[in-house]
Each structure stands twice: as structure tokens, then as C-alpha cells.
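So, here come the structures, one by one.
Each of the next two complexes has chain A plus one more chain, namely chain B in the first and chain C in the second.
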Partner chain A sequence: MPVLSHVPNARRWVPVTVVVAALLAGCEMPLALAPRGPAAAEIASIWWILFWIAVPVSVIVFSLLGIAIVRARAIAREQDEHDEHDVRVAERLRETGADVGLPEASRPARVSWLEGRTTGFVIIGGGVIPTLILIFTTVMTLQGLAVFDTAPEDVAYSVTARGHMFWWQFEYPDHGVVTANEMHVPVGRSVRVELESADVIHSFWVPQLHGKIEMIPGKTNVIHIQADEAGTYFGKCAEFCGQQHANMEFLVIAQEEAEFESWLEAQAADAPEPTDELAQRGRDVFVDSQCALCHTIRGVNQAAPGVAPDLTHLATRRTLAARTLPNVRGNLGGWILDPQGIKPGSRMPAVNLSSDEFLALLEYLDGLR
Partner chain B sequence: MSLDRNGFLIAVIVFLAAAGLAVGFYFVGTGDPDPAPFRNVPGDPVAGRIALERIGCGSCHAIDGVRVGGGRVGPALNDLRQQRYIAGRLPNTPDNVVRFILDPQGVSPGSAMPDLRVVDAEARNMVAYLYTLGGR
Partner chain C sequence: MAESRYDGYGPQFSPPPEDYRPDPDLLTRTWGPLPGIRGFFAVVNYQVVGMRFIVTGFIFLLLGGIQALVMRTQLAQPNLDLVSSELYQQLFTMHGVTMMFFFAVPIFEGLAMYLLPLMIGSRDMAMPRLGAFGYWIYLIAGITLYTGFFLGLGPDAGWFAHAPLSSDRNFTPAMGMDLWVSAIGMLEISALVAAIEIVVTIFKLKAPGMSMARIPIFVWAMLVMAMMIIFAMPAVLLVTVAVGLDRMAGTHFFNAAMGGDPTLYQHVFWFFGHPEVYIIFTPALGVVSAVLVTFARRPMVAYSIVALSFIAMGILSFGVWVHHFFAVGIPPIGLSFFAVASMMVSIPSGIQMFAFIGTVWTGRPIVNTPFLFLIGFVVIFVLGGVTGVMLAAVPFNWQVHDSYFVVAHLHYVLIGGALFPLFAGLYYWFPKWTGKLLDETLGKWQFAIMFVGFNVTFFIQHILGFQGMARRVYTYDADLGWGTFNMVSTVGSFVLAAGILVFVFNVFWSLWRGRDAGQDPWLAPTLEWSVPSPPPQYTFLEPPVVRSLYPLWDPGAPDPEFDTAADRGERMRPQIRQDVRETFGTSIMDGEPESRVNLRDNSLWPFFAALAVGFAFVGSMFSLWFFPIGALLFYGTMIGWHWPFSKEIAT
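Coming up: the complex of A and B.
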């Protein structure tokens, strides 16, 4: 251990370090403290300032509490001893009959540095200092959050995110793209996101990119998000919205701008024509069954808007049912046949299909790239 | 004083018991069953469990240890090893289960089980895992 040999008593700390490291190995930094965009970075820096205020405050308060406990016990013990002493003196007096008088001031006078200053201590420690800290943190937080209300100058794209029980619709109105549960953004560009709700209050939260913002029925909230690194970011509903709130998640995929542009272009296109006979039959099954009443496949049908996810390019998405399942053929089949078994309370009903119809439908939907 | 001490001891014991239970449930809950393959089933059951999860078998079949899915569409596979027939038509042997996974429509025309484009080695691993389940 050449490095450790420079540190005095290094060996003594080895087991401690090992134990602490083992404990910390189980931890992961909360996503909100690993920001990848300016808005989340602002929130993280506020969090860290509050944390570093809280650390000394906690240390001081708990130390005072500890001191108070220890001192109170010491005083109680001394008092007991002196009480016993007084009793012994009184007994001896009774035995001898001698009139020596009671000892005066058998209790020690304990002089504390706080003696006579307790009121001032409480006013300063319990009033003045907390007030100053609260004023500072309030101003700091409001200043930090004010950043969110000002639109950046170069907003590149606009997305409408609409919360549904229990999934997300993402619409790029300037590009004719509607998709679900997966939002794509270009790296390093500011994206305007309009937040709406189709039913109850949801909350749009991508911890690494922005704070939680409510999606309120009848009101449009606007945020600007920017991802500074390419990657897949986890998002979820942060406002309890019903039975499947926990399975209401989504992904934000940040891509280089050129890649993002080609994604937009591909998503704006109509659904691909099925190439083989089975998939063609699957398209007929889709149109003739209940599926087509709620789900739109652009180029094939137009369902009532905004009831269920647009399936035009379903097979390009990474997950199904708002990140309940990975989007693989097996899961897609199970989801079509038994949505209530997989996500009880989801708005999707099971559809009764013969096995032939089901296999054709699966073949078709699995090919919607 | 002694009451305080007893109270403290009880709290410590309750805490340790709860922690012990939590650790216990953690290991029981992950439920990685005995990975020893059932005899005469070639294949890696550990890789098989992962494949069953990745391919999405759990969306239709209840399978112990496969965490994803609802498992109510097709039969539960936890006692597959005890069944005499599979797919309603073939004697239950590992090879026949592999055949059924690789070509469900060929083995059992009209079955709703889709061809999930599983490759042979993967199917063998999956069967090896399924045969570790149930009725020891």
C-alpha cells in the first residue's frame, strides 16, 4: 500500500473505509443531482447550497442537544450524592445530639457560561440566525427559479406534451408528428414544451433535465428543456393520478441534431405498407376490430384524437404502455391480449380476437417501423 | 432506569429482527431458483431465465423468477415438468418443448402462441430453466 503509507495511522482507517465504501456502493446519486441540462443544474445547485447550510446547522443543534443530555445527567447524579450526604449528616446529628447545625450550601453552585444569558441565546440561536438563513435561502431559491420563467433566446423546437391516465402523448405540431411515451430532443438546443392534461392533474418530471411541472387540465404550462449530452433520460409522472400512476413513465432521448431531424422526418411519414400477406391481413384486423376506434395509424385510419397512443411508428419505440414493458414482440403480444393483467386500471380493454387474427395483428403492429 | 434499558433492548431486537426479515425477503424475493439443471436437459438455465424475460414470455405465461408481465394469457409454466403433454399434442420432453417454441404454428396449428423468432440455443436454455421449476 504505497499510497497509504504516507498517511499516519492509515491502517486503522482501512476497515472503516472498506465498510463505508461497501455501504455507499449500494447507493446511487439521485438523478436530480446528476443534472444534464441548465434547468436541472440550477435545481441541483440550490439543493447543494441548502445541503451545506443544513450540515453545520444539524451538527451544531445535535451537539447542543448532546451536551444538554450529558450535563443534565451529571447534575442529577451530583444532586443525588449531595442528598445522600445531607441525610447522613442529619442521621449523625440525631445520634450524637450535638448541635453542629446543618451544613450550609451543601449543593455546589454550578456556574455556566450561559448563566444570565439564556434569553439572548434563545433569541439569537432560535430566532435571528434561522430568520437570516430562511431569508437567504428564500431569495436564493426564488432567484434560481426565476430562470425558468424567462424563455431562452434560441428556442429550436416546440413540443406539446399531454398527460393521460396513464401515458404520455408527445406532439411536434410544426412537423406533423404525434408519438407516445418517448420524446426526442436535439442535444444542446432549447426545446419549448407545452404541458397539458387530458384528464386529471399529472406532473411532468425528467429529473436530469428539469424540475417537476404540473400538467393541469384546462391550463397550459410552458417549460424549456435542454439536454447537454446525448442519451436516454428517464421521466415519470410526479403527481399521484390514479391506479397506474406508478407505471406512468416515459423516456426523453437526446440525439445529435441531424439524427433528431431524420427521426422527425421518419415519424412524420405515414405508416409503412405491410409487405407480406400475414401483415396485410393484420392491417385489416386492426381496421375491422375495436383497435381502430381509439388508436390512429396515420395512412390507415383516423381514430378519435387523443384517446389512445398513436401507433403509426409503434415498433420504433423502446417501451410499451408508458414504460411498463420493453417493446419486444413477446410483450407486444401479451399487451394486446391482456392489458388488464399487465397494467390493471389501464384504459386499454382486452380485445377478443381469434388466434389467427391475433397472430396477423401482431405481425402487422410489430412491423410498424 | 432498568425499564429504559429493557425498552432500548427491545427496540434493538425489533430493529434487528426487521432488518433480518428484510434481508431474508430480499434473497427469497429475488427467487433465483436452484440453477442446477434438471437431468437430461442440455442448456444453461441461468441464461434461460434471462432470455425468457428479454423475449417477453412473462407477458402471457406465469413463470416463477421471470419478473416482467401479467402472465394470464397462456398456461402458467411453473409445473411444466410435471405435464404429460405440451401444446395439447406432443409428449412432454425437452426436445418437444424446444420444437414448440421454435415453431408454434407448425407444432400446433391454430395456437395463439406467436413465433418469437427464438434461436435454437436460446430455446434450449429457456427449457432448461423451465424444467428447474416446481415439483422437486
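Coming up: the complex of A and C.
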């Protein structure tokens, strides 16, 4: 299979999410603490409060333990030596025939200041103070929940995100757009995202924009996300959903609103007619092969809905197979020929094509802008 | 009350025989095993069964650890191909199942089984055959699970096995999840019978005079653990059966398309799953208390508050299960309730930590290996505790849920909260079990290596979670920038594993060359140190009576003013027969001697009963008909099990 020789290299891909990499390199903070939207910012602010409570609490407990050991050891050492000395002295005196009482009787025991106050120490230190801290964190949590429970007033767009084993479908029902593994949003506008699942439970997670919400079969969860800066954001399925859970990722692309509108418009259109002969042949290959059973190219065919990604504007997407590969022609070819080698366990079967057919199909798909 | 009911010797007691004297030879014959290979399978003695639980559990720890190392190696760098995605999902499922079900719960049950009779002054557990049965079931479950795994049929939907991934053959066509249902089903039975045995033993077989206010904290912890198992395990038994039925019988409990509900699975599973954490953690706290008191050389401070905090923790832990799936889309009122409950459950732990610190503070601590493990426990567990409080803050939970932050948190809680105390306990009781001390220098090395290795492995995973690394991924791309931290974590995991190897070496070395321990090497306060090491099979030459919380530090004396339960027990002691297996039965609260309890003898029937249960569960993977046949076989073995024989009934 010489065609595949490039695939392992392709897995070590660089170009597509340069933006993500640049973000990572550009700021010291990990994704979840570098929020680019109000929801993630709220979460990050909760984290920093919790963090600055956790640090002193841990330090105080460790210090108490350290002090307890050091002080008690000091008393123990002194007391042990004392005892030993007393015993030696007493033995010596006994040998001389003196009447000696127990060595302990002669000296007061040195006790820790905590002796006699232990119940108070335990109740106040372990019960009362933690309760006060927890009341504070509880109130903060409930306030945070209230923030998330309030839907933003100005919801500009609505997206239905549907999790599949192992890819994402994003549908903009008001605009007739269906795409996969790449969600576009306008900068600074609140977007309502309805989360659904086609098979097992998935979880929608864009660390810089929002916490996780699960996608559950038979149920629709709703969140509102907003990106405050243009950019490409890393998204990931967070609930284990099967063999390729690891490679079930996506991108959220935040664009200025005008740019976003034109993207919507372009995506709503049917697939462009192929102009050159090879691409036209490729379209026929697509329609006649098993591809067309699962994949829809609007204007060309209508496959069973929701089985596989809509390919109408495939060439405009940055990645293939849910951010497994950068979308360049070589990878596309490798993916068509050996999906199970690249993403074992994915639902895409290998397609048996002659090399003419394969090249034509590739030409066609690569032109679906 | 006492006067009228127990006038002198009580209803079951008659005046002592004139020629009473403790007879070690007779007791050895009575309590000893059967000869030969039959004896191996028929033995019911708590020491043997308890030690089998401990050793088997430890072997599972090693197996689960090897799986973890393979996973860590796979994740050391981006896009590695050490294991396939298919094998990786079996590995993390097996790691979770092994550590939660086959290591942590059984090994602490083993500790309870071995130590409870010694600590409370009984000659055996209350239902010796049931204990043996529990062990055989556990062994069969483990062998079944690992046979499947080595045949390439390991379960592959995670140890938590969320439906519908686990319950629908379309999503998990391999037999792995059927295997999970069978193995977990058997293990739950094992845990349940052991828990029932522990509760009955603590309630009814305490030495005369050992009221509930005089049982060691360790015994309180085991009691709470067993009670929690009794309430929690049926939930998981229920949910595994439902998964099994969905897979094998075509029901639709969790199939949304047919009106089922996938979130129902999570509710029922985590109703068990959260208490499970405390089922592991509570006995570990019991170990901490026992070791701490001995090496602090002072009584536990605030004994009754600590005992109450165990009970509070046990109860509260049943009210927080939803925090394992805050992200499924739950109305805010529900989220608020479970957030508050999850915050609250940390208060009993706060009490316990301060009680430990207070005990050290007022004590005369000796810093040796077990004590070092206690320090490690406090440090690691407190860090896991503060991240636990963070996770109760729902919006923050949404961000880090199912990420490596949670992986770090749960390992801080479980390794810090259970594994470190376990090693403290193993160093502490090893001399009692074997008569040999574990090597102290190796022990200190082990602690240092494990402590460093653990923190290097897991601390950095908090940050990986923030970077977007989700759990249960078999690989990741280089451009995400997770490579360096993962490498650090992998290196740490091998250091941690080296610490465990030091322990294994230490065990064999000390068995061969260790210093003799004698009866009581630590000058410890509880009853297990009043018998030789290792204890004779009849345990106590004479049934002990108890007059204080720390009987070996403060034995007390008969009370001339007031005829206490201990005094009566002392007078009745000669009544306990030596030619059949007998021990004192006492009242729950006050430890009043009430009866002579006749304990069952060695028998092969528990082994056969376990085989019948194993037949039913393993067979059900292939056909549901195995289940009724297995049940019939099991009833057959029950007849043999309960067949009375003359020596026992002739009293």
C-alpha cells in the first residue's frame, strides 16, 4: 500500500491549528484559564477564588501537622531521656539500699498545651472553620449557577450540535447549513447551542469558551456560548464514547459577524458544479460508489441523514475526521483509502476504487469549496 | 435489667465444670484445618480467609499497576503506538475495575476479616463459612475477568460503563461488557456477604465488657464500611443486571429510542459509585487511627466525635452521587442541592484530620515507616480534599469534569486516602501475621520513592486537565503541547511503581531474614497484640474480657462495687467449650455476655456453592439458561452447607 506511506507523517501534522499552537505558546495559562468568552471567564474566576482558598488551607493543615510532630517529638525526646535518667538514678539508689519510689512520682509530666483542649481543637479546627469556608464556597457556587441559568437576552444565532461516534455535526437550522467538525460563531454574539446525540453519550467541551455539557441520546441540552475574540478554539469530546473517543475533536472558529454571515451564506449554497472533466468524473464516482450511501453532497445526492458528515463544502474545512488530520489532499486520499488504519474503529469503511476513480474523486472532493 | 436477666451465669450458662483449664492442644484440634488438599479448599478460619483476601487483593494491585504503567507509557509522547486504541480502552477499563472492585474493597475486607476477631476478642468471624464462600466467589470473579482480558475480550466501556455505550451490543459488540457484568456481579456478591459477616461479628461477638464505646476506631471504620456496602452494593448489582438484560435479553432500560433513559444508568450506578469511594476510604481511616494511636503513644483525641464523623460520612456520602455527572443537564435546583451536599461531605473529613493532628500533638510520636505513611496520607489526602471541594463548585466542575484534573483528584484521594494508609497498616500488622518485622530501612526508602513518584505523576495532571486533556484518550496530537507534562507524569509513575516493588522485595526479604517480632513489638494498645505472632488458630487461649478502650495499656480490674459485663464474662469464661468451635455472644451496645455462639466448622460446601454461583454468572455470558441451572445447583450446595452434625448440636 504505497499510497499510505505518508500517513504516519501526516499524523504528525502542524499547519492547521497553528492558531491553537500560537495561543498555547503565546500565553502561559492553560486553555481553561485563558478564557475567551464570558462563560469560561466566569468559571475561571470561580477557580481563582477556590485556588486562593485552597492554598492557605493546605498550608495551614500541613503546618499544623509539622508543628505537631516537631513539638511532640521534642517533648517525647526530653521525656524519654528524663525517664531513662530517672530509672538509672533510681536503680543506683536502690543498690545503695535507699527506699526509692517510682521515678515518675518525683517530677511533673510535661504536657502539650493542647492537652485538655483537644475536643475544642477538633470541633473548631475540623468542623466550624471548614463549615464557614464551605458556606462561602457554596454561596459562590450558587451565584455561579444563577449566572449560567440566566439565558442571555440577545441570542443572535442557534446551532444544533449532534455528537456521533466519532464526529460532530453542526447544523444552523435557520440558515439551512449543515457542516461537520467545525463550528463557526460570530465574535461577541451569544450563540444558542442545542446539544444532541445520535448514538451514545458524548460531551461538548471547548475549554476556552464553556465547560462541558453532555450530549445524551433522547435528550436536548442547551448552552449559550460566546467568543469575545476572533480565533480558532480547540474542542473535544470529554465523555468516553468508544474506541475513537481520543480522536473526536472539533474546532470552534470565531469570526467577525460580517465574515460569519458570508460564511453562512456560502455554506447554505449547494455544492459547486465541477468545471473540469476530471472533477466531473469524480462526481460520478462519488454518486456511483458506496460514498453516496452515507455522505450527502447537497445538489448532488441525498444520503440517509445523520449517518456521516455532510460533504457539501468539504474543502472549506480545516480538518478531516474530527480533527484527526489536516484537510490537505494527501490526507484526504489516505483517509478515503484507509480510514481504519488512520482512525481504527471509526464508522468509515475503506472504499475500493481503481486508481483512476480514486484520483478523480479526490479532484472532485478537493474542489468542494 | 442486667441483674434479672443474667443472674450469675445467664440462661445459657451453667456453673463451670470443676476441672476447667485452658487446653491448647484440644483447642488446636478443634480449630485446626482438615488435612491435605481437602483442607486447602475447606478451610474457613478467619486468618486464612482474611490473608487470602489480602494477598489476592495485593496481586490485583500489581496487575492494575502494570496496566497503569502500560497506559502511562503509551501517553508519554504524542501519537505513540505502543498499544492499539482497542487495547487501550480495555486497559483503562481493567485498571479501574481492578483497582476499585478487585483490589481496594477486597483487601480492606481481608484486613477486617483478619483483624476484627483479634481486636474484639472473638475466636472467629460470626459466619466462617460465609467468609470462605465470599473469598471463593471473589477469586472466581477475578480469574474470569482476567481470563477474558488475556483472551483479548476485556471489558471496554470504562469501569463505570455508562449506558448506552455499555448496554447496547451495537456500540460494544465484543463480549467484554458481558464479562464485566458477570465479573462485577460475582464480586458484588462477595463484597455483600463479607460485609454482612463483618456487621454481625462486630455486633454480636465482641468480648464481654467491650461496649460500643470501647471498640477501637478501626472497628468503627469497618462497621461503617460494611454498612455502606450493604446499602450501596445492591444498587450496582441492580444496574449491572439491567445492563446484562439490555445486552442479553433485549430489554430497553437504557435505550432512549425505545423509551429507556441513559441517565438512569448514571443515577443508579453513582448511587453506588460515590459511596464506593468512601467504602474504600473509611477502612483506610480505620487503619490510620489504629496505627496512629500506637505510634503517637497516646489515645485518640475526641474518640466519640471521630466515631460519629465516620457515621456522618457514611450517611452523607449517599447524598452526593450527582456530582459525578453534573454535566448531564440537571435543573439548577438539583445541582444546588448536590453541590451543597458535596461540600458538606468534606466536614467529617476535616474533623478526622484535626483529630489525627491533635493526637500527634498530644502524643509522643515515633516517626518510623508506618508513621511516615500516615504523614504521606495526610499531605496527599488534604490536597485531594481541597480539589474535591473545588469539584463541588458546579460551574468549575463543568470545566474540569472528565479531564485529567479529575484523574489527578481521584488518585490523590484514593492513593493518598487508601493506598498510603494501607501500607502503613501492612507495616504495622505484618509482624502480627508472620512473626517477622518488615525491614525499616527499606520501608523508609519505599515511602520516599512512593511519595515523590506519586506527586510527580499526578500533580502535573491537574494542569493537563486545564490544558484540555480529556480522560480515557489513547493518544493526542503533538500540537496540543501536552507532551512534556505527560512525559513527566510517566516518569513519575515508574518511580511510584518502583516504590511498590521495594515493598514486594521487603516482604520476601523480611520473611526470609526479618527480625523476629515477638508478641507485641510496638507496645500497642489493642487486643490483637495480646496473642502470639502469628496468632494460634484458636486465637485466644481464654476468651478475653475488656474493661477499657485500650485494654493493653490499661487492663483495668474487676469492679467490686458494680458487677460489670467484663466481670461476668470472666466468671462465665470456663463455660465456653473447647471441644467445639465456641465463642462468647454478647449484646450489641454493652457487650453483656448473652450466649455461647457455636461457629461452623471447616467445610467444602462454601467452595462448591461458589462454583455453582460462578457457573451461573460465567455461563450467563453465553446463555441465560445457565442462570436457573446455576441457581438450582446453588440450592443443592446450601443443603450440604447447612447439614447439621451431631457434635455441634449436642451441647
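Rule of thumb we're sticking to: the second predicted complex is superposed on the first by the 313 of 369 C-alpha atoms of A that agree within 3 Å, B and C clash if a C-alpha of one lies under 4 Å from a C-alpha of the other, contacts with A are read in each partner's own complex, and residues count from 1 in each chain.
Going forward, contacts are C-beta pairs under 8 Å (C-beta built on N, C-alpha and C of every residue); 3 or more make two chains touch, one makes a residue touch a chain.
What you see is a predicted model; the values in this text were computed from it and never measured.
K.L.:
Please indicate which partner A:Thr118 is in contact with in the superposed arrangement: first for chain B, second for chain C, both, or neither.
P.N.:
It touches chain C, and chain B stays clear.
K.L.:
Counting residues of chain A in contact, which comes out ahead: chain B or chain C?
P.N.:
C
K.L.:
Report for A:Leu362: first if it touches chain B alone, second if chain C alone, otherwise both or neither.
P.N.:
First partner only.
K.L.:
Check whether A:Lys212 is in contact with chain B, with chain C, with both or with neither, and answer first, second, both or neither.
P.N.:
After superposition on chain A, A:Lys212 lies in contact with chain C alone.
K.L.:
Looking at A:Thr141 after the superposition, I want to know if it touches chain B, chain C, both of them or none. Which is it: first, second, both, neither?
P.N.:
After superposition on chain A, A:Thr141 lies in contact with chain C alone.
K.L.:
Which of the two partners, first being chain B and second being chain C, lies in contact with A:Val57: first, second, both, or neither?
P.N.:
After superposition on chain A, A:Val57 lies in contact with chain C alone.
K.L.:
Looking at the overlay, does A:Gly341 come into contact with chain B only (first), chain C only (second), both, or neither?
P.N.:
The first partner, chain B, only.
K.L.:
Which parts of chain A are touched by chain B and by chain C alike?
P.N.:
none
K.L.:
Along chain C, where are the residues that touch chain A in the complex?
P.N.:
Chain C reaches chain A through residues 78-79, 84-86, 89, 156-158, 162, 164-165, 168, 170-172, 256-257, 260-263, 296-297, 301-302, 305-306, 325, 327-329, 332, 335-336, 339-340, 343-344, 346-347, 350-355, 357-358, 360-367, 375, 378-379, 382-383, 386-387, 389-390, 392-403, 463, 465-468, 470-481.
K.L.:
Quick check: in the complex, which residue numbers of chain A touch chain B?
P.N.:
Going by the criterion above, the answer is residues 325-326, 328-335, 337-338, 340-343, 355-356, 358-359, 362.
K.L.:
What residues on chain B touch chain A, complex-wise?
P.N.:
54-60, 68-73, 105, 110-112, 114, 116-117
K.L.:
Taking the touch rule as given, give the residues of chain A at its contact with chain C in the complex, in rising order.
P.N.:
Residues 11-14, 17-18, 20-21, 24-25, 30-33, 40, 42-44, 46-47, 50-51, 53-54, 57-58, 61-62, 64-65, 67-69, 71-73, 75-76, 79-80, 111-112, 114-115, 118-119, 121-123, 125-127, 129-131, 134, 137-138, 140-142, 144-149, 165, 199-201, 203, 205, 207, 210-214, 216-219, 221, 234, 236-246, 344-345.
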